[in-house]
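As structure tokens, the structure follows; a few thoughts come after it.
For clarity, chains are labelled A, B and C in written order, and residue numbers in each chain start from 1.
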Amino acid sequence: MGLENTVFESLPDILTVRLDAVVNWARKSSLWPATFGLACCAIEMMNTVSARNDLSRFGAETFRASPRQADVMIVSGRVSRKMAPVLRRIYDQMPEPKWVISMGACATSGGVFDNYAIVQGVDKIVPVDIYVPGCPPRPEMLVHAIMMLQQKIMKESVKDRQDTFEPESRESKVPGTLPVTEGTALERETEIEVAQHQISRPYTIPSRHEKRRSS
Amino acid sequence: MSTALKDIPSQFEVMDKPLESQMTLSMGPQHPSTHGVLRLDLRLDGELVVKTIPDIGYLHTGMEKLFEYKKYQQGIVITDRMDYLNPLGNNLAYVMAAEKLLQLEIPQRAQVIRVLTCELQRIASHLVWLGTHALDIGAMSVFFYCFRHREKILNLIEAASGGRMTPSYFRIGGLMMDLPAGFERRCKQFLDDFPEALSTFETLVTGNTIWQSRTQGVGVMERDEAISWGLTGPCLRGSGVDLDLRRDNPYTGYETYDFEIPVETDCDVWARFKVRMREMYESYKICRQALERLKPGPIKADAPKVVLPDRDDMRKHMDSLIHHFLIVAEGFNVPPGEVYMPIEASKGELGVYMKSNGGPKPERVHFRGPSFVNLSALPAMVEGEMIADVVAIIGSLDIVLGEIDR
Amino acid sequence: MTEKLHGYVEKLKQENADWVTDIKDELGEVTVIIPRAGIVDVCRFLRNSEGFDLLSDLCGADRGPEEEPRFEVNYHLFSTTHHDRLRLKVLLSEDDPTVSTVTSLWRTADWHERETYDLLGVKFEGHPDLRRILLPSDFDGHALRKDYPLRGYEPYSMN
């Protein structure tokens, strides 16, 4: 990723146009989703992968459990307030290029549940590329969403994708439940570190839409 | 949790005795084998699990609070999303609790269709269990076979109600609509093909020595402990207790059907597996009997203030129109009282505690989710097992996080 | 149909007269209202002598901030041998919503009591590990109370 970027940034625009087509074609044809099935939409996602509606003919061959090996995160299901920091963390752990599909009414806008417990739309936490309505959406709708995402990828330019700056994503700690370190010796150390560095700014990472080529 | 810090050895202890250290591992909430957003804090001694603390609530939706703000009829839609593999079961429990408060009598045809669709839903739920359980243990092709057969059931339920996974088919007083034309023929076709599918699963899974050695002797929960932990459903029947609410506290006419209750005494993952496989066959038998009993008749109870009238009735008669308007706009008042309605869902005893104070919205609705109680017994089952067995045990408990976290 | 259940209540009264405050019999179910101090003894008697070995459900309810007593805790008992159901109810006031735990009798009460504490704020004395189970551990308030608004107090923000 870093090598491509340095090479492309030094080349003039006219030379990267043909490269865009090839690179985007490669990226769109092998979109590997990260397993982020939360609730009922996850079962419809499993239906989309299974034999009748086969998602792997569109390139989504395997669903990788580790976000480090995944391209697209399909947020399928309702995101509760306890789960929101985990969602953000998984999104941060995915390397560029990455996309997000918000599947279902609950992920798009909170769905049927307009109450204290559900985040009203996952785009309050991660930037979303494709929204799929439905409760749950039919498997054919998810397949259509993948196809639309593929069309969207073809229109991108290679220079759009910058890696998230490493120290930034490590520093952004969310108040509330920290899943991995709670109750362990590691938490004690991080508490001391937090107290020493006084990290108390709001938790936002500039999304890739805000970091254009010029900045 | 504060006592946990003392148990973690300091770095010097680790270096002196490298084989005698314990590690705390957080399994989940994003994990392919936890069947949803479940987090397990595992205290490990090498591969052996010393202790586990489940951490739930990552899918908490506040459904019980939502019920108090919605009229009784509107709440049916929310029950679909609870145990999303068995939505008709949730619908049935909620609707029957409301009908018990209202003391409605349900016509015969509606009861038969309720039994038929609920048993089809039970088969679908067990197919998902089998597919995901086998996928976790390593047998990937079973997953595709199971989902292929489940698609046929989903098509049937979609034909009847319009929704594959969120049907909301039952209404207080009967059903939403009658079965469409051709449903019985398609259902019969599915039931004709099903025994062959079951025997395929038996060939693929039950006779497999790898499967047997991974599931026998794992996750043992003895009979008295199982009752004390409140386990119900196939988990309890796998521990030797002969209890099934369809036979012991019957509802919707289940006492008139002829089916057996499979009980195993091994108390391990293998026993629960065998119980569920046989339950699929028993559900198939009940579906056959229900199909034969289908006779034309009304599908909604005779209570004009509670049940919506037929559409053309509403268009022609003034009183039907007024009733329709009042039911939809203001809701019907349910007499004050409280009721606990347990049913045998595919995962165990699904109980609805409904309390009404005389208004159109309930005062308290509480769902006793079987997965919630089954999961609370996980720490006792997992002590002393290896990590790989934890995955097998979670699969055998058949948990659905929507029901646990509500 | 409810005579058998009334038989159990009679035995309860014979064992100790101030265990039973009130009996309600409606819709085919019998509810016994027990004073707060006697709930563990009642449960132990019913489990050991009458065979109610499965605690189906333990849930709390909030009757509203103006009612007195405000909270109630329902115990749904079930027997695997004679398949009868009985409901016990304990009424608690708002200033002291505490009741003894029954985890020593049924291990399933553990998580049910945690959930009741989490959503309603009813404390259970003697519970081995009373902490939040469904809501996040830094959540403020008890969500299922009638005076907690449906949409919560602030829009979701990650600051």
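Convention: a residue touches a chain if its C-beta (ideal position, glycine included) is under 8 Å from a C-beta of that chain, and two chains touch if they have at least 3 such contacts.
Here the structure is a predicted model, which means the values were calculated and not measured.
Asker: When the contacting C-beta pairs are counted for A-B and for A-C, which pair yields the higher total?
Answerer: By the number of C-beta pairs in contact, the winner is A-B.
Asker: Which chain wins if you rank chains by how close their C-alpha centre is to the centre of all protein C-alpha atoms?
Answerer: Looking at where each chain's C-alpha mean falls, the closest to the middle is B.
Asker: Indicate the whole-number Å distance between the mean C-alpha point of chain B and the mean C-alpha point of chain C.
Answerer: 24
Asker: State, to the nearest whole Å, the distance from the C-alpha centre of chain A to the C-alpha centre of chain B.
Answerer: Once rounded, the distance between the two centres reads 31 Å.
Asker: At what distance in angstrom does the C-alpha mean of chain C lie from that of chain A?
Answerer: Taking the average C-alpha coordinate of chain A and of chain C, the gap between them is 43 Å.
Asker: Of all the residues in chain C, which ones touch at least 2 other chains?
Answerer: Residues 135-136, 143, 148, 150.
Asker: I need the residues of chain B touching at least two other chains; which ones are they?
Answerer: Residues 1, 57, 60, 62, 65-66, 405 of chain B touch two or more partner chains.
Asker: Check each residue of chain A and list the ones that touch at least two other chains.
Answerer: Touching at least two other chains: 82, 115-117.
Asker: Where on chain A does chain C make contact in their complex?
Answerer: Within the complex, chain A contacts chain C at residues 81-82, 84-85, 88, 114-117, 119-120, 124-125, 174-177, 202-204.
Asker: Write out the stretch or stretches of chain B touching chain C in their complex.
Answerer: 1, 56-57, 60, 62, 64-66, 69, 100-101, 103, 225, 227-230, 232, 241, 243, 248-249, 337-340, 342, 349, 351, 353, 355, 363-364, 366, 368, 372-373, 376-377, 380, 405-406
Asker: Contact residues on chain A for chain B in the complex?
Answerer: Its residues touching chain B are 35-40, 42-44, 46-47, 50-52, 63, 65, 67, 77-78, 80, 82-83, 86, 90, 112-113, 115-118, 135-136, 138, 179-180, 182-185, 188.
Asker: In the complex formed with chain A, which residues of chain B make contact?
Answerer: Those in contact with chain A are residues 1, 4-5, 8, 24, 26, 28-32, 36-37, 39, 41, 57-63, 65-66, 77-78, 80-81, 84-85, 128, 143-144, 147-148, 150-151, 154, 164-166, 401-402, 405.
Asker: Please name which positions on chain C make contact with chain A in the complex.
Answerer: Within the complex, chain C touches chain A at residues 135-138, 143, 148-153, 155-156, 158-159.
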